[in-house]
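Chain IDs A, B and C follow the sequence of writing; residue 1 opens each chain.
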Amino acid sequence: MKIAIVLASGELEKLQAASIIGSIASTLGNEVLIFATMDGLMAFKKDVVENKSWKAGELGKGMLQANAPLFIETLKQAKETGNLKIFACGMVMDMLGLSMDEFVDIFDDKIGVTAFLGMVENAQIIFI
Amino acid sequence: MKIAIVLASGELEKLQAASIIGSIASTLGNEVLIFATMDGLMAFKKDVVENKSWKAGELGKGMLQANAPLFIETLKQAKETGNLKIFACGMVMDMLGLSMDEFVDIFDDKIGVTAFLGMVENAQIIFI
Amino acid sequence: MKIAIVLASGELEKLQAASIIGSIASTLGNEVLIFATMDGLMAFKKDVVENKSWKAGELGKGMLQANAPLFIETLKQAKETGNLKIFACGMVMDMLGLSMDEFVDIFDDKIGVTAFLGMVENAQIIFI
(Lines give C-alpha, C1' and ligand atoms only; values in the text may rest on other atoms or scores of the structure.)
Protein backbone atom coordinates (compact mmCIF):
# COMPACT_ATOMS: atom_id res chain seq x y z
CA MET A 1 0.00 0.00 0.00
CA LYS A 2 1.14 3.54 -0.69
CA ILE A 3 0.78 6.13 2.07
CA ALA A 4 1.17 9.86 1.45
CA ILE A 5 1.64 12.18 4.41
CA VAL A 6 1.20 15.91 3.88
CA LEU A 7 3.07 17.29 6.87
CA ALA A 8 1.91 20.88 7.39
CA SER A 9 2.07 21.20 11.17
CA GLY A 10 5.00 22.65 13.09
CA GLU A 11 3.92 21.38 16.52
CA LEU A 12 6.36 18.90 17.99
CA GLU A 13 3.61 16.47 19.02
CA LYS A 14 2.28 16.33 15.45
CA LEU A 15 5.78 16.03 13.97
CA GLN A 16 6.45 13.12 16.33
CA ALA A 17 3.15 11.46 15.44
CA ALA A 18 3.84 11.87 11.72
CA SER A 19 7.32 10.37 11.97
CA ILE A 20 6.20 7.42 14.10
CA ILE A 21 3.22 6.63 11.86
CA GLY A 22 5.34 7.02 8.71
CA SER A 23 8.18 4.97 10.09
CA ILE A 24 6.03 2.10 11.35
CA ALA A 25 3.93 2.11 8.18
CA SER A 26 7.12 1.68 6.13
CA THR A 27 8.32 -1.09 8.47
CA LEU A 28 5.01 -2.85 7.83
CA GLY A 29 5.89 -2.93 4.12
CA ASN A 30 4.12 0.16 2.84
CA GLU A 31 5.64 2.76 0.53
CA VAL A 32 5.57 6.07 2.44
CA LEU A 33 5.92 9.48 0.78
CA ILE A 34 6.05 12.58 2.99
CA PHE A 35 5.53 16.13 1.69
CA ALA A 36 6.77 18.75 4.17
CA THR A 37 5.07 22.11 3.64
CA MET A 38 4.09 25.27 5.54
CA ASP A 39 5.11 25.04 9.23
CA GLY A 40 5.85 21.36 8.68
CA LEU A 41 8.65 22.37 6.33
CA MET A 42 10.00 25.07 8.64
CA ALA A 43 10.44 22.41 11.35
CA PHE A 44 13.39 21.05 9.36
CA LYS A 45 15.32 24.34 9.18
CA LYS A 46 18.85 23.97 10.56
CA ASP A 47 18.46 26.82 13.07
CA VAL A 48 15.14 25.45 14.34
CA VAL A 49 16.58 21.95 14.75
CA GLU A 50 19.76 23.19 16.47
CA ASN A 51 17.80 25.25 18.97
CA LYS A 52 14.98 22.70 19.23
CA SER A 53 12.69 25.69 18.86
CA TRP A 54 9.60 23.81 17.71
CA LYS A 55 6.20 24.85 19.00
CA ALA A 56 5.62 22.38 21.84
CA GLY A 57 2.87 21.82 24.39
CA GLU A 58 3.25 20.08 27.72
CA LEU A 59 3.67 16.67 26.09
CA GLY A 60 6.22 17.91 23.58
CA LYS A 61 8.25 19.65 26.27
CA GLY A 62 8.25 16.41 28.25
CA MET A 63 9.63 14.58 25.22
CA LEU A 64 12.43 17.11 24.86
CA GLN A 65 13.33 16.91 28.54
CA ALA A 66 13.26 13.11 28.47
CA ASN A 67 15.52 13.13 25.42
CA ALA A 68 12.96 11.04 23.55
CA PRO A 69 14.06 10.18 20.00
CA LEU A 70 12.91 13.05 17.80
CA PHE A 71 11.10 12.98 14.46
CA ILE A 72 14.21 13.79 12.45
CA GLU A 73 16.10 10.74 13.75
CA THR A 74 13.01 8.56 13.34
CA LEU A 75 12.62 9.68 9.72
CA LYS A 76 16.32 9.27 8.92
CA GLN A 77 16.28 5.71 10.24
CA ALA A 78 13.11 4.93 8.30
CA LYS A 79 14.75 6.21 5.12
CA GLU A 80 17.71 3.88 5.68
CA THR A 81 15.75 0.76 6.53
CA GLY A 82 12.42 1.14 4.75
CA ASN A 83 10.66 2.52 1.72
CA LEU A 84 10.15 6.08 2.92
CA LYS A 85 10.91 9.30 1.06
CA ILE A 86 10.49 12.88 2.19
CA PHE A 87 10.10 15.92 -0.02
CA ALA A 88 10.36 19.66 0.61
CA CYS A 89 7.61 21.93 -0.74
CA GLY A 90 9.08 24.03 -3.53
CA MET A 91 6.37 26.68 -3.39
CA VAL A 92 7.04 27.60 0.24
CA MET A 93 10.82 27.53 -0.31
CA ASP A 94 10.51 29.86 -3.30
CA MET A 95 8.09 32.17 -1.51
CA LEU A 96 10.55 32.60 1.36
CA GLY A 97 13.68 32.55 -0.80
CA LEU A 98 15.06 29.51 1.03
CA SER A 99 17.62 27.06 -0.39
CA MET A 100 18.21 23.40 0.51
CA ASP A 101 21.34 24.48 2.45
CA GLU A 102 19.14 26.00 5.11
CA PHE A 103 17.52 22.66 5.97
CA VAL A 104 18.91 19.57 7.70
CA ASP A 105 20.02 16.86 5.29
CA ILE A 106 16.90 14.75 5.05
CA PHE A 107 15.01 15.62 1.86
CA ASP A 108 15.05 13.41 -1.21
CA ASP A 109 14.06 16.32 -3.39
CA LYS A 110 12.33 19.71 -3.59
CA ILE A 111 9.07 19.36 -5.51
CA GLY A 112 5.77 21.14 -6.09
CA VAL A 113 2.28 20.16 -4.95
CA THR A 114 1.33 19.10 -8.47
CA ALA A 115 4.32 16.74 -8.69
CA PHE A 116 3.55 15.29 -5.26
CA LEU A 117 -0.15 14.74 -5.93
CA GLY A 118 0.82 13.12 -9.23
CA MET A 119 3.11 10.70 -7.36
CA VAL A 120 0.49 9.67 -4.81
CA GLU A 121 -2.50 8.87 -6.98
CA ASN A 122 -4.37 5.93 -5.46
CA ALA A 123 -2.38 6.35 -2.26
CA GLN A 124 -3.87 6.78 1.19
CA ILE A 125 -3.43 10.52 1.86
CA ILE A 126 -2.99 11.66 5.47
CA PHE A 127 -2.82 15.36 6.33
CA ILE A 128 -0.97 16.12 9.56
CA MET B 1 -10.84 9.58 -8.01
CA LYS B 2 -13.04 11.34 -5.48
CA ILE B 3 -11.35 13.43 -2.77
CA ALA B 4 -13.23 14.70 0.28
CA ILE B 5 -11.66 17.45 2.38
CA VAL B 6 -13.11 18.13 5.83
CA LEU B 7 -11.84 21.64 6.46
CA ALA B 8 -12.04 22.27 10.21
CA SER B 9 -9.03 24.52 10.76
CA GLY B 10 -9.13 28.31 10.86
CA GLU B 11 -5.38 28.85 10.55
CA LEU B 12 -4.46 30.65 7.35
CA GLU B 13 -1.61 28.24 6.56
CA LYS B 14 -3.98 25.27 6.75
CA LEU B 15 -6.66 27.07 4.73
CA GLN B 16 -4.07 27.84 2.07
CA ALA B 17 -2.84 24.24 2.04
CA ALA B 18 -6.40 22.93 1.76
CA SER B 19 -7.24 25.22 -1.15
CA ILE B 20 -4.03 24.46 -3.04
CA ILE B 21 -4.36 20.69 -2.58
CA GLY B 22 -8.05 20.78 -3.48
CA SER B 23 -7.50 23.01 -6.48
CA ILE B 24 -4.60 21.01 -7.91
CA ALA B 25 -6.34 17.71 -7.22
CA SER B 26 -9.33 18.92 -9.25
CA THR B 27 -7.02 20.13 -12.03
CA LEU B 28 -5.54 16.61 -12.13
CA GLY B 29 -9.01 15.30 -12.93
CA ASN B 30 -10.29 14.33 -9.50
CA GLU B 31 -13.72 15.19 -8.13
CA VAL B 32 -13.13 17.30 -5.01
CA LEU B 33 -15.75 17.88 -2.31
CA ILE B 34 -14.93 20.24 0.57
CA PHE B 35 -16.91 20.39 3.81
CA ALA B 36 -16.19 23.56 5.80
CA THR B 37 -16.95 23.14 9.49
CA MET B 38 -15.92 24.50 12.91
CA ASP B 39 -13.19 27.17 12.56
CA GLY B 40 -12.82 26.15 8.92
CA LEU B 41 -16.35 27.43 8.31
CA MET B 42 -15.85 30.63 10.28
CA ALA B 43 -12.93 31.49 7.97
CA PHE B 44 -15.46 32.23 5.24
CA LYS B 45 -17.50 34.76 7.23
CA LYS B 46 -17.77 38.08 5.41
CA ASP B 47 -16.39 40.11 8.32
CA VAL B 48 -13.44 37.75 8.77
CA VAL B 49 -12.63 37.86 5.05
CA GLU B 50 -12.97 41.66 4.81
CA ASN B 51 -10.65 42.21 7.77
CA LYS B 52 -8.38 39.29 6.85
CA SER B 53 -8.63 38.37 10.50
CA TRP B 54 -7.64 34.72 10.16
CA LYS B 55 -5.38 33.18 12.78
CA ALA B 56 -1.97 33.34 11.11
CA GLY B 57 1.54 32.38 12.11
CA GLU B 58 4.73 33.86 10.70
CA LEU B 59 4.25 32.13 7.36
CA GLY B 60 0.63 33.18 7.03
CA LYS B 61 1.45 36.79 7.87
CA GLY B 62 4.14 36.71 5.20
CA MET B 63 1.55 35.53 2.68
CA LEU B 64 -0.77 38.38 3.60
CA GLN B 65 1.98 40.97 3.33
CA ALA B 66 3.17 39.54 0.01
CA ASN B 67 -0.41 39.67 -1.29
CA ALA B 68 -0.20 35.98 -2.14
CA PRO B 69 -3.39 34.61 -3.71
CA LEU B 70 -5.63 33.57 -0.84
CA PHE B 71 -7.64 30.38 -0.39
CA ILE B 72 -10.94 32.00 -1.28
CA GLU B 73 -9.70 33.07 -4.71
CA THR B 74 -8.01 29.70 -5.25
CA LEU B 75 -11.24 27.86 -4.42
CA LYS B 76 -13.41 30.17 -6.55
CA GLN B 77 -11.16 29.58 -9.55
CA ALA B 78 -11.15 25.84 -8.94
CA LYS B 79 -14.95 25.86 -8.86
CA GLU B 80 -15.06 27.62 -12.24
CA THR B 81 -12.50 25.48 -14.01
CA GLY B 82 -12.66 22.09 -12.32
CA ASN B 83 -14.86 19.60 -10.56
CA LEU B 84 -14.75 21.09 -7.06
CA LYS B 85 -17.66 21.81 -4.75
CA ILE B 86 -17.65 23.34 -1.28
CA PHE B 87 -20.31 22.91 1.38
CA ALA B 88 -21.07 24.74 4.63
CA CYS B 89 -21.69 22.70 7.78
CA GLY B 90 -25.36 23.07 8.71
CA MET B 91 -24.86 21.98 12.30
CA VAL B 92 -22.41 24.76 13.13
CA MET B 93 -24.50 27.35 11.28
CA ASP B 94 -27.61 26.31 13.20
CA MET B 95 -25.77 26.21 16.51
CA LEU B 96 -24.58 29.79 16.00
CA GLY B 97 -27.76 31.03 14.33
CA LEU B 98 -25.87 32.01 11.16
CA SER B 99 -27.41 32.37 7.70
CA MET B 100 -25.76 32.04 4.30
CA ASP B 101 -25.84 35.87 3.98
CA GLU B 102 -23.11 36.13 6.57
CA PHE B 103 -20.63 34.18 4.44
CA VAL B 104 -18.82 35.09 1.23
CA ASP B 105 -20.49 33.73 -1.88
CA ILE B 106 -18.65 30.45 -2.33
CA PHE B 107 -20.78 27.61 -0.99
CA ASP B 108 -22.70 25.23 -3.23
CA ASP B 109 -25.01 24.32 -0.38
CA LYS B 110 -25.48 24.03 3.38
CA ILE B 111 -25.55 20.38 4.41
CA GLY B 112 -25.14 18.14 7.46
CA VAL B 113 -22.34 15.72 8.30
CA THR B 114 -24.55 12.74 7.48
CA ALA B 115 -25.31 14.09 4.02
CA PHE B 116 -21.63 14.84 3.39
CA LEU B 117 -20.39 11.43 4.54
CA GLY B 118 -23.07 9.87 2.36
CA MET B 119 -21.74 11.79 -0.65
CA VAL B 120 -18.14 10.78 -0.13
CA GLU B 121 -18.41 7.05 0.34
CA ASN B 122 -15.39 5.37 -1.24
CA ALA B 123 -13.69 8.75 -1.50
CA GLN B 124 -10.27 9.59 -0.13
CA ILE B 125 -11.08 11.60 3.03
CA ILE B 126 -8.60 14.27 4.15
CA PHE B 127 -9.11 16.15 7.42
CA ILE B 128 -7.46 19.56 7.54
CA MET C 1 -15.80 0.30 4.70
CA LYS C 2 -13.27 0.54 7.51
CA ILE C 3 -12.39 4.02 8.83
CA ALA C 4 -9.41 4.65 11.11
CA ILE C 5 -9.20 7.92 12.99
CA VAL C 6 -5.90 8.90 14.57
CA LEU C 7 -7.02 11.43 17.15
CA ALA C 8 -3.98 13.49 18.13
CA SER C 9 -5.55 16.88 18.80
CA GLY C 10 -6.60 18.17 22.20
CA GLU C 11 -8.69 21.08 20.91
CA LEU C 12 -12.36 20.73 21.79
CA GLU C 13 -13.51 21.66 18.27
CA LYS C 14 -11.37 18.89 16.76
CA LEU C 15 -12.46 16.38 19.40
CA GLN C 16 -16.09 17.23 18.63
CA ALA C 17 -15.51 16.92 14.88
CA ALA C 18 -13.77 13.56 15.35
CA SER C 19 -16.56 12.15 17.50
CA ILE C 20 -19.33 13.36 15.17
CA ILE C 21 -17.60 12.04 12.04
CA GLY C 22 -16.77 8.73 13.72
CA SER C 23 -20.24 8.34 15.16
CA ILE C 24 -22.09 9.12 11.93
CA ALA C 25 -19.69 7.00 9.88
CA SER C 26 -20.48 4.02 12.14
CA THR C 27 -24.21 4.75 11.89
CA LEU C 28 -23.84 4.61 8.11
CA GLY C 29 -22.58 1.05 8.46
CA ASN C 30 -18.81 1.55 8.53
CA GLU C 31 -16.42 -0.06 10.98
CA VAL C 32 -14.73 2.80 12.85
CA LEU C 33 -11.49 2.43 14.82
CA ILE C 34 -10.17 5.42 16.78
CA PHE C 35 -6.63 5.67 18.13
CA ALA C 36 -6.27 8.39 20.79
CA THR C 37 -2.70 9.62 21.10
CA MET C 38 -0.71 12.70 22.15
CA ASP C 39 -3.04 15.54 23.21
CA GLY C 40 -5.94 13.56 21.80
CA LEU C 41 -5.32 10.94 24.50
CA MET C 42 -4.90 13.48 27.29
CA ALA C 43 -8.38 14.82 26.48
CA PHE C 44 -9.82 11.66 28.06
CA LYS C 45 -8.04 12.03 31.40
CA LYS C 46 -10.51 12.01 34.31
CA ASP C 47 -9.30 15.33 35.73
CA VAL C 48 -9.48 17.02 32.32
CA VAL C 49 -13.00 15.71 31.71
CA GLU C 50 -14.23 16.65 35.19
CA ASN C 51 -12.93 20.20 34.86
CA LYS C 52 -13.80 20.44 31.15
CA SER C 53 -10.32 21.87 30.79
CA TRP C 54 -9.88 21.19 27.10
CA LYS C 55 -8.18 23.76 24.91
CA ALA C 56 -11.11 25.58 23.35
CA GLY C 57 -11.50 28.51 20.95
CA GLU C 58 -14.56 30.72 20.68
CA LEU C 59 -16.63 27.97 19.07
CA GLY C 60 -15.64 25.38 21.65
CA LYS C 61 -16.42 27.71 24.51
CA GLY C 62 -19.82 28.33 22.96
CA MET C 63 -20.44 24.58 22.88
CA LEU C 64 -19.55 24.26 26.56
CA GLN C 65 -21.82 27.15 27.55
CA ALA C 66 -24.69 25.79 25.44
CA ASN C 67 -24.24 22.39 27.10
CA ALA C 68 -23.90 20.82 23.66
CA PRO C 69 -23.38 17.03 23.79
CA LEU C 70 -19.65 16.47 24.15
CA PHE C 71 -17.38 14.06 22.28
CA ILE C 72 -17.20 11.60 25.16
CA GLU C 73 -20.97 11.09 25.23
CA THR C 74 -21.10 10.94 21.43
CA LEU C 75 -18.42 8.24 21.38
CA LYS C 76 -19.97 6.24 24.20
CA GLN C 77 -23.30 6.17 22.39
CA ALA C 78 -21.62 5.20 19.11
CA LYS C 79 -19.89 2.31 20.90
CA GLU C 80 -23.22 1.05 22.18
CA THR C 81 -25.16 1.34 18.96
CA GLY C 82 -22.61 0.92 16.19
CA ASN C 83 -19.36 -0.70 15.18
CA LEU C 84 -16.95 1.77 16.76
CA LYS C 85 -13.93 1.02 18.94
CA ILE C 86 -11.52 3.40 20.61
CA PHE C 87 -7.98 2.62 21.71
CA ALA C 88 -5.50 4.40 23.97
CA CYS C 89 -1.91 4.89 22.73
CA GLY C 90 0.34 2.68 24.85
CA MET C 91 3.49 4.60 23.98
CA VAL C 92 2.23 7.91 25.37
CA MET C 93 0.77 6.20 28.46
CA ASP C 94 4.09 4.47 29.17
CA MET C 95 6.09 7.62 28.51
CA LEU C 96 4.03 9.52 31.09
CA GLY C 97 3.60 6.60 33.50
CA LEU C 98 -0.18 6.71 33.20
CA SER C 99 -2.53 3.81 33.91
CA MET C 100 -6.02 3.13 32.55
CA ASP C 101 -7.44 4.23 35.94
CA GLU C 102 -6.56 7.80 35.13
CA PHE C 103 -8.84 7.91 32.08
CA VAL C 104 -12.61 7.92 31.75
CA ASP C 105 -14.07 4.51 31.04
CA ILE C 106 -14.23 4.54 27.25
CA PHE C 107 -11.25 2.63 25.85
CA ASP C 108 -11.55 -0.87 24.43
CA ASP C 109 -7.85 -1.46 24.94
CA LYS C 110 -4.39 0.08 25.26
CA ILE C 111 -2.35 -0.69 22.16
CA GLY C 112 0.76 0.46 20.28
CA VAL C 113 1.00 2.24 16.94
CA THR C 114 2.22 -0.94 15.25
CA ALA C 115 -0.80 -2.90 16.47
CA PHE C 116 -3.17 -0.14 15.38
CA LEU C 117 -1.66 0.25 11.92
CA GLY C 118 -1.82 -3.52 11.56
CA MET C 119 -5.54 -3.42 12.37
CA VAL C 120 -6.35 -0.71 9.86
CA GLU C 121 -4.67 -1.98 6.72
CA ASN C 122 -6.79 -1.05 3.70
CA ALA C 123 -8.83 1.28 5.91
CA GLN C 124 -9.43 4.93 5.20
CA ILE C 125 -7.05 6.69 7.62
CA ILE C 126 -8.04 10.14 8.93
CA PHE C 127 -5.67 12.13 11.13
CA ILE C 128 -7.36 14.66 13.37
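In the analysis below, contacts are C-beta pairs under 8 Å (C-beta built on N, C-alpha and C of every residue); 3 or more make two chains touch, one makes a residue touch a chain.
None of the values given here were measured: they were computed from a predicted structure.
Overlaying the C-alpha trace of chain A on that of chain C calls for a turn of 120°, given as a multiple of 5.
Comparing the contact residues of chain A and chain B by number shows a mostly separate set, under half of all numbers used being common to the two copies. Inter-chain spacing, taken between the CA centroids of chain A and chain B, is 24 Å. Residue numbers of chain A whose C-beta contacts span two or more other chains: 124, 126-127.
Per the touch definition, chain B reaches chain C in the complex via residues 6, 8, 10, 37-39, 42, 91-92, 95-96, 113-114, 117-118, 121-122, 124-127. Interface residues of chain C facing chain B in the complex, by the touch rule stated above, are 1, 3, 13-14, 16-17, 20-21, 24-25, 27-28, 57, 59, 62-63, 66, 68, 124, 126-128.
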